[in-house]
Amino acid sequence: MTADGEIDLPSLERLVGRLLEGGVDAIFALGSSGEVAFWDDARREAVLEAVTGTVAGQVPVIAGAIDMQTDRVIQHVRAAERFDLAGYVVTAPFYAITGPEEIEAHFRAVAAATERPVWAYDIPVCVHTKLSPAQPLKLGQDGVITGVKDSSGDDVSFRRLAAANRAAGSPLTLLTGHEVVVDGAYLAGADGSVPGLGNVDPAGYVRMHRAAQAGDWERVRAEQDRLARLFEIVFQPTDKVGPAGGVGAFKTALRELGVFSTNNMATPMTPIEGEAVDRIRAILADVGLLYGAGAGA
Amino acid sequence: MTADGEIDLPSLERLVGRLLEGGVDAIFALGSSGEVAFWDDARREAVLEAVTGTVAGQVPVIAGAIDMQTDRVIQHVRAAERFDLAGYVVTAPFYAITGPEEIEAHFRAVAAATERPVWAYDIPVCVHTKLSPAQPLKLGQDGVITGVKDSSGDDVSFRRLAAANRAAGSPLTLLTGHEVVVDGAYLAGADGSVPGLGNVDPAGYVRMHRAAQAGDWERVRAEQDRLARLFEIVFQPTDKVGPAGGVGAFKTALRELGVFSTNNMATPMTPIEGEAVDRIRAILADVGLLYGAGAGA
Amino acid sequence: MTADGEIDLPSLERLVGRLLEGGVDAIFALGSSGEVAFWDDARREAVLEAVTGTVAGQVPVIAGAIDMQTDRVIQHVRAAERFDLAGYVVTAPFYAITGPEEIEAHFRAVAAATERPVWAYDIPVCVHTKLSPAQPLKLGQDGVITGVKDSSGDDVSFRRLAAANRAAGSPLTLLTGHEVVVDGAYLAGADGSVPGLGNVDPAGYVRMHRAAQAGDWERVRAEQDRLARLFEIVFQPTDKVGPAGGVGAFKTALRELGVFSTNNMATPMTPIEGEAVDRIRAILADVGLLYGAGAGA
Amino acid sequence: MTADGEIDLPSLERLVGRLLEGGVDAIFALGSSGEVAFWDDARREAVLEAVTGTVAGQVPVIAGAIDMQTDRVIQHVRAAERFDLAGYVVTAPFYAITGPEEIEAHFRAVAAATERPVWAYDIPVCVHTKLSPAQPLKLGQDGVITGVKDSSGDDVSFRRLAAANRAAGSPLTLLTGHEVVVDGAYLAGADGSVPGLGNVDPAGYVRMHRAAQAGDWERVRAEQDRLARLFEIVFQPTDKVGPAGGVGAFKTALRELGVFSTNNMATPMTPIEGEAVDRIRAILADVGLLYGAGAGA
């Protein structure tokens, strides 16, 4: 964010450049770490314009189409069709409570509105509904969704989904968003990860992914342990909850790393200040991301 | 909803007409019972156009400006400024978790965007945050909000808010949305009610309100007991959750009463069918809303 | 509690005497306010010995038989059979999750173990299961339970239970434990109240009950408003949760009123100290329970 | 359980024998899978008598001392002191809500009551309180507890605890009870596992443990995938919740494997019957635990 409350596009482009340098296989734009919940339609389009422009086809870009209910999600999808995107990430409906029948109809309606692949985003902390393992699997077998981004924090459910998916011939690609237990998710059968913390250390998550593919589990674990230490940045702002703390810590780290110009947050959130910033710097130094005179001082 | 998925404006106008005939003091448009969560911007405007047009200044109309975060709420407010409205109803932010500091900033930002009064809508079942009694009171004392629509189901909190409001000189007008315990809310200090079920029997809730103002508590209780019997319609569709059950039951009742042309629901919900409709008819007959040959048959 | 961690029987007897003077129709011993969860078998028996001895048949005494699962509840019932009791109050099983089938079997097994009436205690904040209105009604119709003590905080459910109970010929006696909305519960159909705060001001709750029976709702409301002001004592200890705050406030009030010798709590809880005590005194004075030089000072 | 509701000691002894043959390093008696919540004091002692008698010092036996609050937990500890035990497993207090201050005092009081090591059992699904990573670590550094059995399902918290414990010199031994993600827990830093499913296939969990110690992660994962398939037995009884389903499935499997004489459950639970038993047999055959003519038929 710029000082006058607009999206700071140069900072966003530097972030995307850093992800590409880090070696990521794809980019997920307009996710929770992208504060998608706070953006109106125009800002969402501006983000997609900047991200797809910077990526310029080097890797696939997948876009969050996050809104309360089906019709608005489809509006976001339609507005994004003009960009070079490889698919959409869609949550269960929220605000108004829905049951399994409505959730299924929701994903089917969104998928029917686009030729592009649709990913299910399982994020009960935001939508207050947990997808059962059977539900995305059925949608995958029916060709409605292509994969799942699991940010549920329910590793038993994820393991069951991974096993059932494998038994069904792997119709789904499974990604975890679970920053500090990505190693366990790989053992369970994750095909990749989309962690918010990956914005701060994309190269670290890429190294862990390559090590998992190579079966070098000791290296997977060592990288995960380091990234878990890095994740402690989100616990430093003791006076904030939700994205004001978590995404705020990511933004603060990116500012300290010289990627972002500010650590401003979308309204009504306020940026992290004071000693929490010092502690975040110390953690960045400890895990080897921040060097030089001021690091950890 | 019409058969082709559009808002059935003639049905909506009949509903508004029935509310006016029932003697309501004001109308709340685009609330939970109005399926606001499911409407895009164009449909929200069409609803406000129809409602304010039908009301034509006979009573104040208050509009829900319900969306995930501050900026979108302000967009809804701005889009509604051209209508003859007496204020806006606004929830705490949702999807992304926010704390008390952000919730307060949210209401202040929305209120700063309009000259019209803002009401706080306390509805944790949808937004998953409960307003503490102290928070709306402070916002009321600072002139940020004019009142609270309490659909929290937390009567202890409501009583505490009512007492604190009274002690502070009643800066807030307090409305309850709690269909079957409006009588207790009046005892606790509610100034009025905005129950979803009031769409089905506006005259009943108006009678209860008049009786409460007159201190005729036996009549309040008798009317509330009758309306509680009517509320059983929401428990008849045993295979649905959330608005597909509750609002679906209201719509089905209104269809059976000849007000609505259909009981269609917004996507992805499906209408109530089968024996549940028969049971809803029987309840309508039992409480004296449905007469004649077919009633309760 | 005495200074050395034993039950302070003289204080307990003074409390019982005060309840009797206040005009209560019955006494509930070993409930949540009685810290039953913290007592072993010997202390529970000592409490019943003291309470029944002091009451000496003047009013019925009902005893909590609160434990995790069926067999232990039955042990408590058997240990209590030698006392002059009018029945037992029993919760749904807890710790290990149980469903409706097991809850029903639980109540049936307990009822089969005694000739005395059994009351269902609906207290989801402690047992993490909410009884549906249909469940106690069925148990009442089958003669398994005689009534319900509702401390669920779910007034919609209570209203539905009251209505269904009335329609079924009132097999159940319905009591509310919901301190600050007892007036609304009377309107809804409560036969009486068993509020924890009644230990602090039994005469106030008795006056409200008599007024409700007489249909004098303005007096009911005035008394409830006063008792709601008194209930604010539980929010004064800002550093405590659960019974350490709520029951702790009751005990502190009773000490300040000269009924209890100390405000000690059962292990592992600690008593309320410091400014919170001053604020509790001020509230006691404000509602007319504490007089004289030091009140509210 | 025998047909007349008593503990079936010969079956229990066969179970213990099978655990020893499976190569377990220790035995946890009176845990959730042992239905400890349902046993009175006499039955708990009978279980410890049988288990310690059968084990006869071959491996350490640790006993659950599970009850609502401190004093009762200490009673269980004292009653168990005469058995050959290597420690006690203790949860946070439950039923009455407690905060961090009380939870800490609780563990300190229990530890002060015995010379033997105390383990913290983090099981929010039963006690409805989650231990923060900092809390057990502090208790470990102070010598109050010796380790943690984590059945929280919160892998982020477990990872943070493991990292903080390592950084502090590993004062705690960390065990996971999380049946289907034990492999990830080993990567995160678990020292061992205490899964309920280990009663059904102790040799499988022992093999996984040995493989993890040897750094043979492909074998760890293969064994975990097989055990995750086995865990599907708990989802077969579709009409049961909680231990009636989960522990009921373990018991049914053990009966089908010839270890238990019945699959009876403690009151008020009922045993699994019908087609769910057939599906459990099929799963046992699929993972190689059940052979011969009838397997999976």
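Here the chain labels run A, B, C and D in written order, and each chain numbers its own residues starting at 1.
By our rule, contacts are C-beta pairs under 8 Å (C-beta built on N, C-alpha and C of every residue); 3 or more make two chains touch, one makes a residue touch a chain.
Quick caveat: nothing in here was measured; it's all calculated off a predicted structure.
K.L.:
Could you name all chains that are in contact with chain C and with chain D at the same time?
P.N.:
Chains touching both chain C and chain D: none.
K.L.:
Please decide if copies chain B and chain C contact each other with the same set of residue positions, more than half shared, or with different positions, and reply same or different.
P.N.:
Over half shared, hence same.
K.L.:
Only C-alpha atoms count here: how many degrees separate chain A from chain D in terms of the superposing rotation, rounded to the nearest 5?
P.N.:
To bring chain A onto chain D, one rotates by 180 degrees.
K.L.:
Using the average of all C-alpha atoms in each chain as its centre, how far is it in Å between chain A and chain B?
P.N.:
Chain centres of chain A and chain B, defined by C-alpha means, are spaced 35 Å apart.
K.L.:
Report, in whole Å, the distance between the mean C-alpha point of chain B and the mean C-alpha point of chain D.
P.N.:
49
K.L.:
Counting only residues that touch at least 2 other chains, which ones in chain C make the list?
P.N.:
In chain C, no residue touches two or more other chains.
K.L.:
Give the pairs of chains that touch; include all such pairs.
P.N.:
A-B, A-D, B-C, C-D
K.L.:
Over in the complex, which chain A residues touch chain D? Could you list them?
P.N.:
Its residues touching chain D are 153-156, 159-160, 163, 178-181, 183-185, 187-188, 215, 217-218, 220-221, 224-225, 228-229, 232.
K.L.:
Chain D touches which residues of chain C in the complex?
P.N.:
Residue positions touching the partner: 32, 35, 37-40, 43, 66-72, 75, 93-99, 101-106, 109, 125-128, 239-244, 266-270.
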